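Chains: A, B and C, in written order; residue numbering restarts at 1 for each.
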Amino acid sequence: MDTVSYTLSQITAELGGAWRGSDVSVSAVKPLADASAAHISFLANPKYKADVTESAAGAVIVSPQTADEFAGRNLIVAQDPYLYFAKVARLFSPLEKASGLIHPTAVVEESATVPAGCEIGAHAYIGADTVLGQGCRILAGAVIEHNCTLGNEVVIHPNAVICHGCTLGNRVEIHSGAVIGADGFGLAFAGDSWFKIPQTGAVTLGDDVEIGSNSNIDRGAMSDTVVGNGTKIDNQVQIGHNCKIGSHTVIAAKTGISGSVTVGSYCIIGGGVGTVGHIEIADKTTIGGGSNITHSIKESGQHIAGPYPMQTHKEWARNAVHIRRLSEINQRIKQLEKALEPKPADNQ
Amino acid sequence: MDTVSYTLSQITAELGGAWRGSDVSVSAVKPLADASAAHISFLANPKYKADVTESAAGAVIVSPQTADEFAGRNLIVAQDPYLYFAKVARLFSPLEKASGLIHPTAVVEESATVPAGCEIGAHAYIGADTVLGQGCRILAGAVIEHNCTLGNEVVIHPNAVICHGCTLGNRVEIHSGAVIGADGFGLAFAGDSWFKIPQTGAVTLGDDVEIGSNSNIDRGAMSDTVVGNGTKIDNQVQIGHNCKIGSHTVIAAKTGISGSVTVGSYCIIGGGVGTVGHIEIADKTTIGGGSNITHSIKESGQHIAGPYPMQTHKEWARNAVHIRRLSEINQRIKQLEKALEPKPADNQ
Amino acid sequence: MDTVSYTLSQITAELGGAWRGSDVSVSAVKPLADASAAHISFLANPKYKADVTESAAGAVIVSPQTADEFAGRNLIVAQDPYLYFAKVARLFSPLEKASGLIHPTAVVEESATVPAGCEIGAHAYIGADTVLGQGCRILAGAVIEHNCTLGNEVVIHPNAVICHGCTLGNRVEIHSGAVIGADGFGLAFAGDSWFKIPQTGAVTLGDDVEIGSNSNIDRGAMSDTVVGNGTKIDNQVQIGHNCKIGSHTVIAAKTGISGSVTVGSYCIIGGGVGTVGHIEIADKTTIGGGSNITHSIKESGQHIAGPYPMQTHKEWARNAVHIRRLSEINQRIKQLEKALEPKPADNQ
């Protein structure tokens, strides 16, 4: 859909780095294998150098360390070719700006504040006393309940829901089907039934937070659930009530963080991870996909493992049963060790 | 948002229990650490007695067993301080009542029954021949298809969907993005492709059932999927077709119950649990988060374990490979045991 | 809700197979245990022959191999009773046809193409330049963004979202809350924050694809995420960006396929499965529920195992700790084996 094109000199003028070869014009970013003369590609991992040689790309983004090996190619030389590629891709696909139109089918409650320049899509709903910042885009069918506060340039995708009283920072992006601020799961047992604990906190999302499609950030029980600046959360993630997620942390799809967990900043959490509640995960922790986190991680910078290795069904049928017998196996080894210990008699 | 306040005598008049100290007025419930003079807090676990002493709370809910230790504090003495706290919190945040307004953008099909006093939000949809009970709240963007029956005081949150033919009891609450009655996953292989089995049952939810945000209860293949009275289901839970979930059972986030599973009453099922299909789980079973339930649990009252313990990546790299060799490890121990068996010659 | 009825001769005229006994009229399909005289049932697994004898069903679908054992019963004899049952059930519950009505509250952008005969529900939205095929049903609250292309007889259930630029084949069915084409999760680290990689591909779904409720198929980073013809995906499944899923593959609920994974055709993937990214899964692979797939499966037709066996909490507490000591256990066995090796001296 994008038909803009840029020359290498225009790109480096915009994004830094240096260009070599001919100042060709390119109109899209493609992987090395798919690129043709109209495209710019990139070499993020020196392991794939050979792919550059074979690529038909009009130009390639490379690092200073590898640039000299590609004499004759049109290059952009940048310290971090992967990051540079991302920025070039953004150049070709600039963020869509708010249209400034409020669709006639949108409902904006009278006490809501919607600055001129915001875009409110078809059948979107903005509740009472909710305040939007400048340049927000609330797309078709999205619902923002009452008493919410949104920063500038927030994007709410179709059919996402922001429940009452939540606060979203600047440039927050909420994808379709995500729900911010549904009730946390708090129950007290009342002898023969469960009494629901009112969830009277809300959710606070910092600047530049992104929440994936069909993800949930539950509202706090007594104070807000908080996600720090720049944290990016993928699809179908569940963040329980009262969690405090730090800044610039990344959480991949299908992960569930139980209630009242504190996650540090600059963590990288893989997909399908689960945690128990009420624990702390230190800054810069890396957690492999599929891990189950059963207690706090107090030292920062650790790498926690992923799930057990896959097996064929045959291997599994042979081995899995022994997992339930590991304690017994350990006992049997102990007895063998004891039986083999040098006895006093042997020393005579 | 709540500015109501109650004195301790007003609270105990309403909820039972006894108050001690001054009959102070409080306006919110807060944890011991966060509370100030305007707040009431609670001591659910005697382990944290010291926190009461340090708390600035205007009053504290404590048990009869611990009350005497807090002479000089303003107290409410109640048998179950946690349950009492929940009830006080509800006092400060009473359930919202239906406004009685049908938003002009809502669509209610002519053959639907919506009693006076119900609230139908912006862009909500009520299908043909659907019947609502008294005092229901169908919020913005929620869709109730045709031929559904809802009890009294049901709340359907924004953008949730109730598919055709489903039955919801009194005081059922369905959170945003939840889908009740989507097709179960039934397929018959037809040699080179899959033939979809029509899902002609529906879903029946008992009284006081709560379904979390972005959860699914699938419609039955030939008869209804059923959830019993008072059962509470968290976010992103999947209940497959034909399941029969008992009463007053609690299921935490991200759990998946496969098709045709029967779950008893008063079970507590943790988050991220998975099950195979066509099994039975007895009443009062507790299942730890992350468990995989691979066969029926026939005896009631059991506690089934959670996932394996987390490890650092280093530990994992060292140990995980041996899981695929457990059968071999077992064989090697057997041979060692055999080699060390007292031989007839040794007995001479 | 269905009141149509068919005689056995009418059914076999429509679907093949042969009938025996009386040409009775039946009006629904029920399991053997639930069926009465007005119902037709089926025997899919010869193991349950006795249930046929006890069933009150008016007629039973059986295989040629078992038919002779049920003398005196009204039968339909078919090669594959389970598939035949599915087809009879469809006969009683024919696919709903598009009503041909565009609800007055639906919004169809002027540049969109909606052929006469399509059904567009209340508050549905069809974006600019989107093109629908014949006989599509876009139900209440569904959103189809701009520049999408839909084949014939596509059904989009309430509140599902199709993001811009996606392509759906003929007879595709998307259930409520599913989101097709939300942004993939692509980030480049920029020293102190994450830079979002624009996701400029889209999603292409082949003919007869079905996507379950609250599932996600993410749009590709530079080219489309693709799902092949006839593939059926259950609820709460996540397919990451750039995946290529083959044809006639079945994926059960809650499974997550990470980015850039290639899945073959005719695979059967259980529920709650996770995979790492950038791997290949060969045709006709069967993966048990709860498996974690940590590397490519290159040989077709393999059966990969499910999760570890469940344990009681007592067993778990006893055994789980040893998983972190498996490498040590292995070392200790090695030493025992060495200690028991026949020594030179023993041979004297």
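Here, a residue touches a chain if its C-beta (ideal position, glycine included) is under 8 Å from a C-beta of that chain, and two chains touch if they have at least 3 such contacts.
Just so it is clear, the model here is predicted, and its values are computed rather than measured.
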{"item": "Self-contact between copies chain A and chain B, residue sets same or different by half", "value": "different"}
{"item": "Magnitude of the superposing rotation for chain B and chain C (Cα, nearest 5°)", "value": "120"}
{"item": "CA centroid of chain A to CA centroid of chain B, Å", "value": "26"}
{"item": "Sites on chain A at which at least two other chains make contact", "value": "105, 123, 141, 159, 177, 214, 236, 254, 306, 308-309, 311, 315, 320, 323, 325-326, 329, 333, 336, 340"}
{"item": "In the complex, chain A residues that touch chain C", "value": "1-2, 28-31, 34, 80, 82-83, 85-87, 89-90, 92-93, 103, 105, 121-123, 139-141, 157-159, 175-177, 208, 210, 212-214, 230, 232, 234-236, 248, 250, 252-254, 271-272, 289-290, 306-317, 320-321, 323-327, 329-330, 333, 336-337, 340"}
{"item": "Interfacial residue positions of chain C with respect to chain A in the complex", "value": "105, 107, 123, 125, 127, 141, 143, 145, 147, 159, 161, 163, 165, 177, 179, 182-183, 185-190, 192-198, 200, 214, 216, 218, 222-223, 236, 238, 240, 254, 256, 258, 274, 276, 286, 288, 291-295, 302-306, 308-309, 311, 315, 318-320, 322-323, 325-326, 329, 332-333, 336, 339-340"}
